[in-house]
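Order as written gives the chain letters A, B, C and D; numbering starts at 1 within each chain.
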Amino acid sequence: MQQVRSAERLGGAHTSVPRIPEQMEALVKYAEPGATLQTVPVPPIGPTDTLIRVMAASICGTDLHIYRWDQWAQHRVHPPMVFGHEFCGEVVAAGSEATRIGVGAYVSAETHIACGACYECLHGLQHICKRVEIIGVDRPGAFAQYVAVPERNLWPTDRRFPPEIATIQEPMGNAVHSALAAPIAGATVAIFGAGPIGLFTVPIARATGAARIFTVEPAPFRRQLATRMGSDVVIDPGSENVVSRLLEETEGEGVDVVLEMSGNPGAIGQAFSALRHGGHVSMLGIPSRPVEVDLADGVIFKGATIHGISGRRIWDTWYQTRGFLESGMDLSPIITHVLPLHQFETAFDLVASGQSGKVVLLPNAS
Amino acid sequence: MQQVRSAERLGGAHTSVPRIPEQMEALVKYAEPGATLQTVPVPPIGPTDTLIRVMAASICGTDLHIYRWDQWAQHRVHPPMVFGHEFCGEVVAAGSEATRIGVGAYVSAETHIACGACYECLHGLQHICKRVEIIGVDRPGAFAQYVAVPERNLWPTDRRFPPEIATIQEPMGNAVHSALAAPIAGATVAIFGAGPIGLFTVPIARATGAARIFTVEPAPFRRQLATRMGSDVVIDPGSENVVSRLLEETEGEGVDVVLEMSGNPGAIGQAFSALRHGGHVSMLGIPSRPVEVDLADGVIFKGATIHGISGRRIWDTWYQTRGFLESGMDLSPIITHVLPLHQFETAFDLVASGQSGKVVLLPNAS
Amino acid sequence: MQQVRSAERLGGAHTSVPRIPEQMEALVKYAEPGATLQTVPVPPIGPTDTLIRVMAASICGTDLHIYRWDQWAQHRVHPPMVFGHEFCGEVVAAGSEATRIGVGAYVSAETHIACGACYECLHGLQHICKRVEIIGVDRPGAFAQYVAVPERNLWPTDRRFPPEIATIQEPMGNAVHSALAAPIAGATVAIFGAGPIGLFTVPIARATGAARIFTVEPAPFRRQLATRMGSDVVIDPGSENVVSRLLEETEGEGVDVVLEMSGNPGAIGQAFSALRHGGHVSMLGIPSRPVEVDLADGVIFKGATIHGISGRRIWDTWYQTRGFLESGMDLSPIITHVLPLHQFETAFDLVASGQSGKVVLLPNAS
Amino acid sequence: MQQVRSAERLGGAHTSVPRIPEQMEALVKYAEPGATLQTVPVPPIGPTDTLIRVMAASICGTDLHIYRWDQWAQHRVHPPMVFGHEFCGEVVAAGSEATRIGVGAYVSAETHIACGACYECLHGLQHICKRVEIIGVDRPGAFAQYVAVPERNLWPTDRRFPPEIATIQEPMGNAVHSALAAPIAGATVAIFGAGPIGLFTVPIARATGAARIFTVEPAPFRRQLATRMGSDVVIDPGSENVVSRLLEETEGEGVDVVLEMSGNPGAIGQAFSALRHGGHVSMLGIPSRPVEVDLADGVIFKGATIHGISGRRIWDTWYQTRGFLESGMDLSPIITHVLPLHQFETAFDLVASGQSGKVVLLPNAS
């Protein structure tokens, strides 16, 4: 185990550092649906790594794909693998060259480990590094009591933000990245899909000056959350014509900005139809297959601009995310469930049900 | 007088159109300090003009220069001249070719009448038209019961916004233009100068996602207003070191964005000193003389970006301004005084005193 | 007929203004394939219009659609209609309010007549006006000895540029608009489709700093022209794997910028596959039907930006186009054929054959 | 000495690696005007460093300040110090963790060693790192046979570019950074100052689509070079009114873009006066003292945008620079003198005289 150094930057604010055990509880993925909670070794760390005692780990849509062991997951993940990538915790050990942040620090982490040497990394585009390694997908993750993370991926976080907020900085960053890619100040904004990231975009769009916010979402529970978070209008695509409604709400102009958070092919078609001439679309939701797009009428004649959004700009998006949290943005209504790790089956059922916002697991809860 | 057409676009919402008199009360500027309230002819209108019955006209810093008859005013204004340019009112007559908006409409107006033919106008930069004519400066203005305005300069306004709000859309547009020129989302913002336009920038910066807002202003009354509008920190340049305080508040980094609304040479120096590397400065305040700037350390080595801000983008800024108002932004605390036109002396004294926010005159109040 | 005023701005440079006849030769479209050259009245002009004696009118892909009378044309054009929209000529008459440019001026014209009042027009986006009227599509066009055009759509042109160059400023503007929407300086650029607009983008991409230019085009004649205009590599999609070749030419990175000028669904798929992470795509070519796009891998994970390109920014693009011409850019090799109007059948056959670049008609050639 | 690894990425292209001596010739700065050529130890390298055998090192204006030992230099440099920072050469040794580029590689280098941990570095703004360490200013430089450089600062360069070109990539990057900060395509561009960096901007502005290029420079030799490099107009500020001439050349509009490369207060004043409304100014030249700027008329009313330019964006600017070189841009006329290191006195006299473009030293010439 690495030498433990004092956390000089944190002063007296941190809690006493617990002794690091050799074994831990972790949620392990095997080549079958579901997951197994079992005892595994605490991961070793290299000279530039840190070991984090996980205080909270939240469930992402990607984790559900892995849990269900769908086609994408089978193709991408090499089991057995501890999964989970949204988390926060405390640094409990640091490698000999990981001297910047210090043991005891309260941190979240950028989950994309960029190579640092490819064309994209050399252009300040580490978020789309072509050789990216993702925590909890390509290497052991955070549905565990401890996770090993390169120090350069850590994001020190103020302790005034509790673990269930600190852990969602990563997906909130997706929402920030999506919203800030388009000119929202004074604009009408349609959000397609009110899963957790879509829900995060509601207050972010409001906080960046949206004139009016429309949210399109089939699940009633999530429409209610969207309203609670500040959406001016919520639209159920199952019961009304989305394009007609959006045109009507905008005096026939169409919406200035679309945040496409659903990945649903039907929603994508509606998004382009309801877009104003000269409008912007941020696309974050991942369609599971190629989508037929009316490029002539939806993009070209409209003079539209489309922004593909992947991950978070490193570290621009994290600073912006921190700025929003510091300015008092309250995302707690979106965190609908907090459960100990051993209740993971309940947690994944909740995520799959649409009867939840963000679901958070506590790996070190007693 | 021009033919009066029915206001088809407004339906029954407008009030009945009053009969237009031949004479009106107006505040006339002569080549001496002060101004004279007197009876003058209602201005004639040409085929592309409209006549507006002024419901409210607010006082701008420029009006104070004219009122005081300072050097700039003597150079620019050709008396006798009815002055005043921020206003709202109702269209009571329209020229034969002014067929778009209609009599009865409730409107404010862009006060810069662009030539439409110069290089800037042909590039969508009408706000910096080199042959601009300004209402209330170059042609009769709005401190009067009626004002003549080209129809293309009108901005139809929803009647849910009362006259004292409708009239401030023009200076609020200055604030919107200044704030949106810089990347504010998630950023720290320092506002120098809390006159009315500076005060408007406080909620606008908040609404566009500022992480923290600092306002620098010597007048205690205005510092209090800045706090009330949401400034996180207010700084009195007379009693503390502005640069030190801003660096301290930003952990030594400097502020991400400066909105320079004061035109004060000392403030401009502080702004560049307190700016973060890579930061942005929007400059709207007009210094009365050339200012010594440390370009090497304040701009070049910092890789700073400076945006000169003049007027409002036509009509982008007006749409954004409307978007902020429609989203519920409440600027009413900044409107500290509403007076009938004949109390203009009191009004100008208030503007000069620093014991006011925006002061509004009512030319048609009984 | 309108009063003819002297062309004060042009001094002695213009030729003597010919007497305007009552009848003229024009190419008229009826509801059947082909077109009919016949004698029709010279069009009347309104107070804000000008009458142009057409010196050259070039054939656009849109004109071929109309000529062939395909489904799109049958849906859009209301015959009988004089068509043709790319042109240049001399102002021979001006309406009473068309006083800016003057009789005798040598002009080309923006062919999109924007409404000036819609949301887009009020945002400086006249090129995507939702109520646009297009010369030669919605109103009589320029395959005729005379065409009536609103004065505000005229673009005065220096007489050092001969008619066959002056007429192509409009489609060259499409190319300028496409190229300048993306960051080309120092970048690798792939142009899909080497019709005339695609060919124009070759020297424009070079002139804006492209590091290397790749052109993908099936027609051998057009590949040769692309090489002659400065394309570093030309690729025949019929004989080699376009994506593999582009990756190979860019050391596996993909191209920084794609200019999609073909509208071909296969090309669009290749474009997204060959794009670098973080790359930009300008889309100008109009697909005739919805296209299946791999949004996940082609746009979202790549963090790509897509720009829909329609028309020309008014007048930004025209000024830039003029700047390129004035800096000495030579587009004459792309103008492969210049024919008198009565040889229109030969001209349209040439356009359809792929054995041509830009084909220009001369309506007033003897 | 570090372990020497084979240069796997370079294949057979590199020359055989010479044996590394213990002593070398270097130009050492002492606390007095001038410099001393003497024998010093070859610098040691740490685990992340490389040792470069210097093939060419060019003289920057900063080096002249150091050579003259002016006030700035006395304040900044801590003698004795080997100076010189623009260079190229061959990697002859690499630390144990410097495994990416390899011994034998032909390289230039980014001379700003960013800390990698400050706010700016974490935002992709390493070029304005607040804790930057500069080669040849803060640590031993390249006017020597060998220089030690962190591997992450190396820029592998194609051997088709000879040493006198490879060494100027760094100052050419300054020019690229300055030019690309402003929208040059189709624009009129005024370059103030035709020292080497100003001269580099001439072909770069041309290659990025400048419509017309004006260069303002007092030294006749440099005006001739500016013309040779493609400047359309050269202006001698000593013999004509610069502002009047620029307005005349632009039909009274002013220039669209200014590249201020001189740092001269008079030139800066002219630059703002001759700028078009809505124009852009890139400021790279460093004034030696605060400059009085007419912010009201020169910046604010004009709606101007000013870009402070420092260093080169890492690595965006380097890639763009490489793109320009690969596209065939020929900068060799600007390299007016190439001398062996021991003729450094002649070299510095040439730089001081204004009778030179870029002056290159060869530390390993026999």
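In the analysis below, contacts are C-beta pairs under 8 Å (C-beta built on N, C-alpha and C of every residue); 3 or more make two chains touch, one makes a residue touch a chain.
Since we're looking at a predicted model, the values are computed, not measured.
Enquirer: Moving only to chains each one touches, count the minimum steps from chain A until you reach chain C.
Expert: Graph distance in the chain contact network comes out at 1.
Enquirer: Per the definition at the top, count C-beta pairs in contact and tell me whether A-B or B-D has more.
Expert: Taking the two pairs in turn, the one with more contacts turns out to be B-D.
Enquirer: Between chain A and chain B, what is the separation of their C-alpha centroids in Å?
Expert: Here chain A and chain B have centroids separated by 41 Å.
Enquirer: In whole angstrom, how far does the Cα centroid of chain B sit from the Cα centroid of chain D?
Expert: 44
Enquirer: Would you please write down the residue numbers of chain B that are in contact with two or more other chains?
Expert: 119, 123, 319
Enquirer: For chain B, which residues are in contact with chain C within the complex?
Expert: Touching chain C: residues 100, 117, 119, 122-124, 313-316, 319 of chain B.
Enquirer: Report the residues of chain C in contact with chain A in the complex, numbered from low to high.
Expert: 119-120, 123, 125, 127-130, 253, 263, 268, 276-278, 283-288, 290-296, 299-310
Enquirer: Where on chain D is chain C touching in the complex?
Expert: Contacts found on chain D: 176, 180, 185-188, 204, 206-212, 319-324, 326-327.
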